[in-house]
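Shared chain: chain A. Partners: chain B in the first complex, chain C in the second.
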Partner chain A sequence: MDDIALRAERVSKVFGQSRVLDDVSFELRRGEVLCLAGENGCGKSTLIKILNGVYTPEAGAAFSFGDAEAVSRITPRHARALGIHVIWQDLALFPHLSVAENIVFDDYVASPFRPLSRRAARQEAREVIERLGVPLDPDTRVEDLSIARRQLVAICRVLRAGARIVFMDEPTASLTRNEVQTLLEITRSLSAQGISIVFVSHRLSEVLAVCQRVTVLRNGALVGTYPTEGMTQTRLSQLMTGRELTLTPRHAACSGEPVLELRHLSRTGEFEDVSLTLHRGEILGLTGLLGAGRTELAHVLFGMNRPTGGELLKNGKPLTLRSNRDAIRNGIAHVSEDRLHLGLVQNQSINMNTAVTVLDELEKPRGFLSPRRLRELTAEWIRRLGTKVNDAELAVSSLSGGNQQRIVLAKWLATRPEVLILDCPTVGVDVGAKAGIFDIIRQLADEGMSIILISDEAGEIWMNSDRVVVLKAGRVSRELTPNAITEASLEEIINA
Partner chain B sequence: MSAASAPRRAFRPGAESLEIGIMALLLVASVSFFAVMAPGFLSAVNVRSMAVQLPELGLLSLAMLVPIISGGLNLAVTFTANIAGLTTAWLVQNALGDTGVLGIVAGIAAGLGVGSAAGLLIGVIVARVGAHPILVSLGAMIFFQGLGEFLTRGGGISGMPAGFQWLGSGSLIGIPIPMLIFLLSAGGLAYFMQFTRTGFSIHMIGSNLRATEYSGIDVRRVLIVLYTLSGLLAAIAGMVMLARFNSVRVGHGESYLLITVLACFLAGANPFGGFGRVLPLVLGLMSLQVIASGMNLMGASQHLATAVWGAFLIVVMTLRMPFLKRS
Partner chain C sequence: MPRLHLGTEGVLAAIIVALCVVLGLTTDTFLTTQNLFDLLNNQSVNMIFAVGLVVVLIAGGIDISFAVAASVVQYVVMTLLIDHMGGGNWLLGILLSMAVGGLLGLVNAFLIHRFRIVSIIVTIGTFNLYFGLLMVFTGGVSIYDIPDWLYYSIPLIDLPASRGSATLYLPVVVMAVMSLATGFILTRTGFGRAIYGFGSSPEAARRSGVRVGMIHAFAYGWLGLCAGVAGLMQAHIVQEVVPNALIGQELPILAAVVLGGATLGGGRGSVTGALLGVLLLAVVQNGLNLLGVTPYAFRMIVGFIILVAITCSNLDKLLPRRAISKEARP
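On to the complex of A and B.
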């Protein structure tokens, strides 16, 4: 196993005043799947760009490939010759071109004036597609493909270009669980063909499933490289953040009175016959595979969609929701899984995003919305949720994922809800910031708020729920208490 | 862990206070230029004539600004002004002819009502059908044009009572009435956009309608209100035009349509919605008027002034880009 595909030593990089990479060493074996892990801003991307020839490292670095002589930097030409390729998160495909044209695109670049035969392109693309064993039609336009299929096109493209070392940047970020499984299998088969793969992902469970080793960076420095065998998610996040995350499982027995009751609630084509009771001060974990009806159920509970059957009771009284305004008036708040498009108005200020749910209260007397009161409200919530904000007049998009999520929480907590529905509240949030978000959620429950926590990360659900309901194909398949099972068995139940 | 206290600032997003600076600078620059170059530019006669000419385009631009902030457009503003003016003129001349001031007031109320109803119609369609405002208001524009031409048989209505004409030519405390109407409307609109729930929501809708709806804002109601308001402002413009020319005809002021869009973008309104302010628009309109009048005094053709307006937008846009990128 000492067959080294790429070795980098003493790699540093300085941008202006800040040292983003400090004396990092990196080693990739032939045919292995290595994970590059670390929080946002730890230097992962910079390292990839140096290894790919985009950035020049500071003097003193040394790069070697197998038996070849060491060099002090990798040029883009060098990277090409060595078969180093990066599949960025945005995939960099041409949506208006066909699958085949995308795959053979490098030929267009290599000889811009030579006419290319469509038939030859299709033939060559088909060979690569067959080699990878994936279901792609060379004639489909890339814009008509799902994200998962587009990713396969990107992989075919680098294979065709003779890739020997492939960096994959957050490849699973927008895939469903099944698609992730397919991708992981393809990754394994590539490595069996002798191609080395560097996998960058925030989802620790995938990292541990597919990678043989994991290299951890923190604040631009190397923490170490570890075999994934025997590594746990908790240990890995500790290495990434450098902090002992002191989250202990919650598992509090809950005896509060029922707040929200669902009786045989259905919505045709989305979920069916769901009966649940949410108690005061309880965190109810709602999980299941993507498409099991979790998000759809949340939308009905928030009044965005009408149920087609069954009934909803709030504090024992029947509740009909005609819109989400009805839900808000009845003390129900909803943190959307889609923070970018639905959770926040990204271009508008932090102040406006926090206040948007309570304009009625701020406009007193009628006809005068006091900017001073609006700022005070935001400042109060920023303080209470420990949000890092320099200037609340700036666009909310200027904040990090974790701080944006705190603003989403703030805008809903400002409505003083009794029931808080959280749909994947830690999507796009750093490992370290996740713990902070859950601290807030647990505290809210302790103060008597009833919380529905939706997530597909078994660890999150297991750690933070008093009770767990597993949905499957739109129906309740299991209801259990976390202290009766282990995290691993919950994962199995979800995937079963 | 800073920011326990919110920063105190007079204006909402920082980029928008920049716009006020740019527009003020532009106004000062154009006034200074023509004060030196054009003889009689600062004379009382010229200043007064500028103050009388500005309000028509100004009020129509206000009517355009509100939909632009909401991420839409109201292409029907000029024809809304026409049908509002026609309504008032017809009522005052025929039904209310002998009732004096009361008749004029009732006629104006009816004209403003028709203008608001025209806006309401657009708003309801945009809100209920969800079609793009450009399509809806384009349809409405052609509809109002055709309807107006049909009812007037392509002609116009002229000859308003003296009391009504005073609205176009009179003065109060030294300020021409049209200017007064424009400034009051602009002030009212600025307050509405900045200090009411609906004004707040119009900005939010302009940036992201769905996220605003998810936050519990009744976006349909807001859309209906904002297009009705746009119609009302257009109708006020129609009243001023009727009073000043003592006549009204379908198609009157038609050439203002794209100039109102230009004025809004010149003043830094975001073409994609969410941002735009009244004060820079007022200052920008004043600059446009100064350029037109100044060039007129220097003997240049009216058409050349229009060309300068267009060039102006491109120059200001170019100068503005680096600031926007930085902030």
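On to the complex of A and C.
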């Protein structure tokens, strides 16, 4: 077995009282694409940080690299020398600098006082870009690039730094299907160049498509390492969660009366001539490639932007939304795609985050906010949505992704909406928590709420919608019923 | 979508040229060597402040204590030179000003870095502290008896002009040297690019191994150093040291630097932009004077220019997001 790039044995890590990693062993072959899978909080990030030299493991661990002597810990310097690099989910790029400058940035740090040559930087950047075979212009500023392109810049940067082992943390979380395909191809070409890649992703289909082996962690302990050949998504999610997940497609409910009607709705440059009807108690799946106008349409329905044409009817009456306040007043709620920045005030308490949409309600009748009613309201929603909260006075950032998303839901449900617009509600939420969120959504629909579910995961849409509308370049291209088609054919339609 | 891309500096330069043409046509005094030289002589102090301040803004910070710090430098340096060094000379004066100014800047950097305080709060604190100390220790008394080397102005370029002669004095050259040095550090060294990187994304810079303490120390220290030099030049130009001569200059200079493309968010800005920002406001003021407009109108017009400039540069964010959806379409 001389083909081992990295072997880690008996790795443990204790933070205060809790043992977040317990005696995990891990092996990475040269030129292999390995997936590190597990639910949030299973110890994946801790393991990556130990291997990257950020954290020191507990005594007893051993790390070896090919023929080199085993060591008991990896220092950041050591990690660099061995070519171990991490591409974090936020990419850690410099938006105001050019692509070339981002790629050679490590030089600036290593030799700060050497005079620079812009031409040399551009030339070096171009070489790496060509080696990766991607369409990047060295002179563009990173802030002008899409997330997918930025990711390529981050990959170029570690390549130039001489990466031998690359950890990619949730690289596909904010990419569209086509972009994911490109990324997966690049991953394969890197591995063909002898670079080992560790892929961390919540999207199991991708994991199975690109990786040769998958290492599963659960609650800080190693479950095992399995070849992906013959592995199914269901089996993998069982290994990750340790329980059986039953997902059943939704039976198309017989539609109630129309609640929201869009007639030839347009907004110049974003979407055109969109007509659709949302019925009571219905889950309407809205999908299409990123940039097809899904999110833009949601913003108009929530009163954030004004349409430039067409009309909107609510319960048969024309509805004009001047702002999102109007929308909330008219019983429309919107869960944004960016939970981290737009959905929650991260450093405020769980109580405040839940109550923020109904503060004026809570001030009635006397105009003062009642802390007791605020606490009661939060407690009620936390209970109804099955959120795991120890202390609702803690900052919302202390919760895991799935529980944060429940708080976002609670905050909007507190407004007692008739129409709930969910923009990618499961981004960055792990397998077990996803199922929980969809249970809530289905139950809400059964109670009579009308829901617009936006997502680019065909499986999610197919499983949870009564009706699916596919947008393409700002127009409605298809309207389908999930139980008339298969998941795979829905995927083809979206990408066609 | 082919579009002429000038950048902030290009747009500013174009506006300045246009203003100059208009003023050249409407007044017969604006486009004279004498007037233009005077403009530079008068603005060199502000420009030295501006090139220092742009470094802090690029690093994502802000400093409003620099003008007061410059007054402190004037007093400390004059007192040291007159009382302890028998008057000193140019070399000693400049070095001492740089050292004292740099030190005052480092105090800001230390507080910001060590105690993680937001830069605006720290510099509001030191602004009051420095000014209070100055007034307490000087009792508000000016120094009129400055050394001879500082008293007599030093003409460097002397051209014959319609009335007498047009002269460019030493402060302009000092301004040019400070600008070139700052520009070199910011654009031609890795350290300078790391300052941009830090301003652009502090977390990414930290993870790349950038030494954040060094960035803070340099940014605020360099502004302090520039402020020291600017203070010496101001004393040289007005031939006296008055404790409240510079206070109040910080906001107009900040406005000029922001006009030159720097933002309070960091990662943006350039020396050229900062200089052009100061120049634009100076040309406007000069033009208004020559046109006989009341000086009270100047502040009003400056405010208007800043608001229009910032509004224009944000316009593209308000339009529908065409570019993004276009990129994603196959």
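Just so it is clear, the second predicted complex is superposed on the first by the 338 of 496 C-alpha atoms of A that agree within 3 Å, B and C clash if a C-alpha of one lies under 4 Å from a C-alpha of the other, contacts with A are read in each partner's own complex, and residues count from 1 in each chain.
Basically, a contact is a pair of C-beta atoms (placed from the backbone, for glycine too) under 8 Å apart; a residue touches a chain by one contact, two chains touch by 3 or more.
Note that the coordinates shown come from a computational prediction; the quantities given were computed from them, not determined experimentally.
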Touched partner set for A:107, first chain B, second chain C, both or neither: second
Touching partner for A:68 - first (chain B), second (chain C), both, neither: neither
Contacts of A:267 with chain B and chain C, given as first, second, both or neither: second
Partner chain(s) touched by A:146 [first = chain B, second = chain C, both, neither]: second
Which partner reaches more residues of chain A (counting touched residues only), chain B or chain C: B
Touching partner for A:378 - first (chain B), second (chain C), both, neither: first
First (chain B), second (chain C), both or neither touched by A:325: first
First, second, both or neither for A:192, with chain B first and chain C second: neither
Touched partner set for A:341, first chain B, second chain C, both or neither: first
Of chain B, residues touching chain A in the complex: 1-9, 12-14, 194-197, 199-201, 203-204, 207-208, 210-218, 274-275
Residue ranges of chain A in contact with chain B within the complex: 304, 323-325, 328, 334, 336, 341-349, 351-352, 355-357, 359-360, 362-363, 367-371, 375-376, 378-379, 382-383, 386-395, 411, 415
Of all residues in chain C, those that touch chain A in their complex: 187-191, 193-194, 196-197, 199-201, 203-205, 207-210, 267-268, 320-322, 324-330
Chain C partner contacts - residues on chain A that touch it in the complex: 88, 90-97, 101, 105-116, 146, 176, 178, 267-270, 289-293, 296, 473-474
